[in-house]
Amino acid sequence: MSLLRSVARELKNDFVGAATTPLDLYRELRYTAAGVRSGEISPMRPLKTAGLTLGALVAVLTLLFPIYWILISALSGTGGSIHSVDGLRLLPEKPSLQPFIWVIGDLILPSYEIGLGIPFSDSTLVFNTPGFELLDASDYGVESPSGFKKFFWNSLMVAIPTVILGMCLIVPAAYALSRREFIGRRKILFGYVLLTQVGGGLGIALLIGLYTVFVQVGINDNKLALSVYYAATAVPFNTWLLKTYMDGIPVSYEEAAVVDGAPAWRVVVEVILPLSKAGLATVFIFTFLTGWTEFVVAQTLLGTENYTLPVGLFSLVSEYSVPWARFSAFALTFASPIMLVYLFAQRYIEGGLSFGGMEG
Amino acid sequence: MATVTLDHLRKEYDNGQIVAVDDVSLTVEDGEFVTVVGPSGCGKSTTLRMIAGLERPTDGRIYVGNDDVTGVHARKRDVAMVFQNYALYPHKTVEQNMAFGLRMSTDLSKDERRETVRETAEMMGIEDLLDQKPDELSGGQKQRVALGRAIVRDPDVFLFDEPLSNLDAKLRTTMRTEIQRLQNELGTTSVYVTHDQEEAMTMGDRIVILNGGELQQSGVPKEVYNDPANEFVGGFIGSPSMNFLTVTVEESGGTTRLVGEDGFEYGLTDERLRNAVRGREQVRLGIRPEDVRVAEPGLDAVETTVEVIEPVGSDNYLHLALGEDSIARVASDVEPDTGETIHVSFDPSDLHLFDASDGESLLYEAERSATPTV
Amino acid sequence: MATVTLDHLRKEYDNGQIVAVDDVSLTVEDGEFVTVVGPSGCGKSTTLRMIAGLERPTDGRIYVGNDDVTGVHARKRDVAMVFQNYALYPHKTVEQNMAFGLRMSTDLSKDERRETVRETAEMMGIEDLLDQKPDELSGGQKQRVALGRAIVRDPDVFLFDEPLSNLDAKLRTTMRTEIQRLQNELGTTSVYVTHDQEEAMTMGDRIVILNGGELQQSGVPKEVYNDPANEFVGGFIGSPSMNFLTVTVEESGGTTRLVGEDGFEYGLTDERLRNAVRGREQVRLGIRPEDVRVAEPGLDAVETTVEVIEPVGSDNYLHLALGEDSIARVASDVEPDTGETIHVSFDPSDLHLFDASDGESLLYEAERSATPTV
Amino acid sequence: ASVQENGETTTSGDGAGTTDGDDSTQTETTETGPAGTAKAWYRLQNTELEARKEALSQFNADSKHTIEGSDVSDLKKKTTSAIPAGQGPHVFDWAHDWVGDYLQRGFVVDRSDQLNVDLNTFTDAAAGAVQFDGNVVGLPYAAETVSLVYNKDMVDEPPETVADMKSVMKEHHDPQNGTYGLSYPFDPYFVSAWAQAFGGYYFDPDKDPQLGLTKSETVKGIEFALDNLKPYMPKDPSYGAQAAPFSEGNAAFAINGPWYLTTLKEKGVNFGVASLPKLESGQPRPLTGIQMWYFSKAMGEDGADTAAAQSFVEWYVTNEDLLTTAAEEHGSIPVLESLSGSDALPSDVQAFSETVSQGVPMPTHPKMGKVWQPLTDALTKVYNGDAGVEPAMKQAEKTVRENWE
Amino acid sequence: MSTVSRVAGRVEEVPFLEREDASLLLVLPGLFVFSAFMLFPILYLLGISFTNAEPATLFAGDGAMSVLTFGEASFVGLRNYVTILTDPNFWNSFGITWLFVATSVTLKLTLSIGVALIVTGDRVRGKRLMRSLIIIPMGLPAIFTITVWRGIFSSAEFGLANQVLDALGFASVSWLSERWMAFLAYNVTEAWLAYPFMVIITVSALQDVPEELHEAAKVDGAGYLARFLHVTLPSIKRPVLFAAILTAAASFQQFLIPYVFNQGGPARANELMVVYGYREAFTYFQYGQGAAISLVAVAFIGAFMWLNVKRGKLADGVGDT
């Protein structure tokens, strides 16, 4: 609970921080300007800052150019294409948000009737919640919007159990590996480091075997089973990552808690976990991403009704034609939550990935 | 409240390759404040951690009160520990930090806990900080909170592991007084580890000196100061350090003379001293800086040159060309020039004599047989 | 070798919201060893870092020798700096650490560098450590290497930022002497920052006291000790601290009396003191612990009770019920009981008087006009 | 049991609700026996999907049976993994080139004895395509092949001969300014028209040798395409790159299939379809694909579900209304004898239909599966100019033979 | 160093959480689930690799269970392995794969460190926002990005890469039909796919470099480049090395890029190991052989990781006691 509250607080701080950034920038500008005018600050300095910032911006934009290019095609009102004969184009042709609207579809919250029986009487209070019509796709000429919302829901239904299960497997293991000495500890650690990457490319032949097993057990086309699979693949890397992070937490906190009379599990819950926040956030994002972006296994195991977003994305592509505008719009919409999450979790992820325990 | 008894405690690390604590026996009386001092790596922390239950002794036993707690888990011992880096939980507020121990080790209700914490916080003068996080506190405030966290639990024993070493000089003196005041008020048995001999001297009812894992001496600070059991203790306690000279004993007829390298000569008249050196070829002579007096040339006076003069405001330290580096602490108005030749003398009762090979005090032995310490 | 001159130096952070250093002017003479002392956050490090070129002053200028180096990059200034945490390159051996500066700032060949490093290492007594990595060294050894790294470059100016604060008490004194010895030998202009006033006093040819970013006083340690410019300096320099009492000035006829709260009364006879307090209602009276003498009841003696007695071996500290917390430093054989009533007296020449509102010394002013410091 | 039973499929939601009322009135399928439920898989473009759903709900409404249709991406992988695991559909919709391979793997079953539809109702090519070794593993409903598409804004009349076409292409080909003569994906399927124009072939189980890659006629055909068409095409032989210029109105011609028309309509290209231009000797003979419903392994046993699946397929492939609509809306080329070549069909479809009649159905033999990849490699190589046609084909032939072993 | 030992050397007692060896129980669930999903398939693959399985045999037989007993495929011993190891294509693929690992890792490292330095620069404003932006590629499914890059590297004049070249005044390039151009295209794409992860790690590492070291070097007279070489690089070496090893393994197993671009072409010249295995298994339907190739690949990558992890002491840096 307090964890949630602290997350909320951090979020608030981030928002405030983000909101005051322009203000700070303005203050700096004013201060520098005043300094330059009075001759205290040589004009080279702000110029150098501006130049370097600009350089960085150019570098970042160059890196992101493919994304921008996708965006152009997503905003194109003419179906878009990544093959454009008409030369390098930096603005979309006949710009239109239609592809995005097609992706999102209607956003209509239907009105519900809520009846509240009043105790000891026969009467019922009836409320009608107002219906919200945020976006009606047909207003924009989109007749049959994509299945994005359904896929999104499916993806959530896969990703959430993946994260929950993954965390349940990873956190205790990471703790034990970081703080306890037991038989095989080093072997397991070593194995985990080895296995962090091996496996991804085992190939599709594997998949058939895997699928057959799933069918045998009767859990194919089951989102939960897929989650279990994802959680399993996420185990080695993330366990190792979290363990490394936990290594960086000073033992004295634990000792203080032990001397304070806390039993082991409370030490973990009250001290280790809150202090591993950054590591947990990183692991959280990585396990989430596992389930969110994986395509091949999901496509093999899931039936049409259970398609997750990546599979849904690829069901847009038919043998010969790619509807680029919609395809791109779909992909970008799909990636946007991750971007947002990262924007806010950035500090933690950068902290969580710092391999605190790795001494050089 | 309870006595703490360490009985031939030994702790080995790395399968016996490192002996951190070697056969230490000690009794801390109920309500006593014992300071443990020694150079870095001498085993102070290890000893303390064994009392806390954070390390398991390789050998020997630990008693709190009448209970043998050697095998008892740290969380079941009713001790509170203050760590060098405070070890305040950074994600909890001051109040939560202080209440944590109560939550874990007592059945108090939430309100009772809050009440208790509030009382202690008032006592420590940190009631305004209760809602803050440790990050937002200054060093001194953190230290107070760390103390408060220990006090609030009202434990049998307080353990302090260099709690002041991260504070700056001024703050350290303030907090020192504060801790003493608290201990007087609460009267809880306390073991206080420090590497600062001044802290150890001023704070402890009794002072325990460790070196290389072994107990060197334990006693009332003043006694230890005046009558160190060996050269190590003599040199370690007191600032500036005791001056040491290796001297040859020359007995001729009824007089005994101690002869040093740089033309140092000192005649022993005191019978006790003469007895102590009798039959020895070499001894180590120890004399505290404040016992070195600048004197007129004369029979007992030793001639030497001033190498450096160091003013510390209240006094001046004269570095003399005697032995390796001898210091005389003189009043701040005694200001010889560098290189000046002066004469110094010392009172026979201020002299310390140590065995030249093993450093044991030649005077302490005699005395100890009469009045055993601990 | 060079003088270092700071000319109305000012440093603002966070776009002027924090003023870390405020209008500091100071000249460090060629070969002089100046210590800068002050409480945490007073701007010591910032000042030092501006001299090193690691921070750029918001205002004011810095000269090394006759050159204005204010806008010169750190790496072009010929200064060497010793950092609090040593800042040794962890992946380089001791030798590489020491040679790095030579590699970067001189054209020496590899062999010459090796030779120079070896010479310096011998001077520092670390020639055996040359092939080790910093991780494998103890605190004292690291400190030596850090010093060696600075020395080997034979810079114009040495800068030290609390280089000893991570060492334990004993080691600190040893290293202190070592640094002094080196500086004597090399005669390089040095600025040494510390928060430990004793270190500042003993080491500095001159001591500079900062508070809140402002220069409070600068002068020879002894002068500063004896004649603090204001209450802050008086209280900061000296250990235990100067005792302060707020007293009312009562002038009646030819006598001037200072009257305090707890029945404290002291008659001023000295003309200089009487002039200083003339026309004032309240002043702050300062007296150093070693100037408080236990006396027989008498005309000038003040009656008070002993609250705590703290033995530090060489002396005893008596905590007296005067003002907030007054301390008398007395010989270790003066041992009144706690609670005992005693009489203390002080010499008029040991008295310090400060303005009750702004803390400026009432005596220093007078003197300064006669002999200006820096 | 299948897990999918729990989840409702896209179409049956509404369908199930409305069936009750209409059931008694509409009983086209007059079979006896219990009502069954069958799964049908297909992979369609967005536009066709609507029509397919429509057809399914129509069938479900008219019949006591229920068909659950799913649009499955990567149908090949899904069928390969699901069918052997017993999770496959009853019927699936794909071109006929899997017939031999899937039959051999046991993924599809012969139902020649149980059929209620006479294969003679289809064109010969179509009827032949659904069979292998005398096994009938499905029923055809459409044909597809590549034909000539021209931009009416750039070309007034579709060229009769390759020579005419070349002169038009020459006129419009100007890559510097982003215009091209021809949009033509260069792979075995698309190129087959020329490769087989002079009597060559890739693979024909009935000929000797079965593999015709190195036959001089085949080589000559490919060389013909390289010499006459490649100079007017973008440099990238891949489908996406080739399709782009024409669909943006920047190429005079395209050679492509009916599926391409959807894109063209979407992008507003003013196009026309014609049969492939003639040669001086020989005639372009493209490989044609027959769209068909396969009888999957799940139909190996008779039962209500199998009956459902079969009745659906039979209904679908013989439903003239449906097929005509498909032809009109999606350029689908009917293979019902009664519709094929009919003047009622739109002109685009007629043009394609004509090309189909010149074409050769793709071989269904499983060995064909191992020909495609080496052949593709060879064509890419010759297109890039890395090798002559003959050596490239030799190499390909060698690889194919090795893989056959 | 002694994180473990210190807590470990500590007292016993009842509840199992406080028992050292019982802590194994905390690790087992993860280990078990992982093994169930990853080790089983590897074993299955191992089984297939000793048979002559192909679709016709592997899926023959009744019931899905028969798939697990390899259908009607028969045991052929090491024949598949022999076939592979004597296939010149395999050795070509082997060589090009390692070359790809070497070049792509170098490229990735250079790119990521460069970008990381840029987005942590002292003088750069808006660093945080830039850092969030540049990780976007991580949120897109790889197959999508690769498809897009396939379009970028189209050999046609209007491929994006060619258009850029054109704008810069260069002639257009047949990217995917020239061996080394295609190889270059793979590398660029691979680097672009991997840089977000590498940049995050490098940025984290950079932020952990003690500022004091930089200052010491500045005072020592070191310029930007010298500081980068003598302070920054050594300080970030280990985390970056670790990331490099991970990403090397990813490069080694890259399938989608060569496959989507040109099936490892032109003419199988750039067929990375996994593509080679895929081609054997799926285009030529030699499941047995495909499995054997996959396993050989796994063995190589395993050995590679093992070596690096051992040599870089990555496993012990953390838990060495």
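Couple of notes before you dig in:
As written, the chain order gives the labels A, B, C, D and E, with residue 1 at the start of each chain.
Following the convention adopted for this analysis, a contact is a pair of C-beta atoms (placed from the backbone, for glycine too) under 8 Å apart; a residue touches a chain by one contact, two chains touch by 3 or more.
Everything numeric in this text was worked out from a predicted model, so none of it was measured.
Chains touching both chain D and chain E: A.
Of the two interfaces, A-D and A-B, the higher number of touching C-beta pairs belongs to A-D. With every chain reduced to the mean of its CA atoms, the largest distance from chain C is reached by D. Centre to centre, using the average C-alpha position, chain B and chain C are separated by 26 Å. Between chain B and chain D the centroid-to-centroid distance comes to 93 Å (mean Cα coordinates, whole Å). Annotation: 21 Å between the Cα-based centres of chain A and chain E.
Mean C-alpha positions place chain A and chain C at a centre distance of 54 Å.
Counting partners per residue, chain A has 82-87, 204, 208, 212, 215, 255, 258, 263, 314, 322, 360 as the residues that reach two or more other chains.
The set of chain B residues touching two or more other chains comprises 53-54, 73-74. Counting only residues that touch two or more partner chains, chain E has 10, 18, 64, 67, 151, 154, 156, 158-159, 234-235, 237. Every residue of chain B that touches chain C in the complex is listed here, in rising order: 39-40, 139, 168-170, 173, 177, 180, 195-198, 201-202, 221-222, 225-226, 236-241, 288-290, 308, 310-315, 317, 325, 329, 332.
Residues 78-79, 81-87, 144, 204, 207-208, 211-212, 215, 218, 220-222, 299-300, 303-306, 311, 314-323 of chain A are the ones that touch chain D when the two sit in their complex. For chain A in complex with chain C, the touching residues are 27-28, 30-31, 35, 40, 42, 360.
The part of chain E that touches chain A in the complex is made up of residues 1, 3-8, 10, 15, 17-18, 20-24, 26-27, 29-31, 33-34, 36-38, 40-42, 44-45, 48, 64-65, 67-68, 114-115, 118-119, 121, 123-145, 147-149, 151-152, 154, 156, 158-160, 163-164, 166-167, 192, 195, 200-201, 203-205, 207-208, 234-235, 237-239, 242, 246, 249-250, 252-255, 274, 277-278, 281-282, 287, 290-291, 294, 297-298, 301-302, 305-306, 309, 314-319, 321. Remark: chain D residues 80, 83-86, 101, 104-107, 175-176, 178, 234-238, 240-241, 244-245, 366, 369-370, 372-373, 376-377, 380-381, 383-384, 386-387, 403 touch chain E in the complex.
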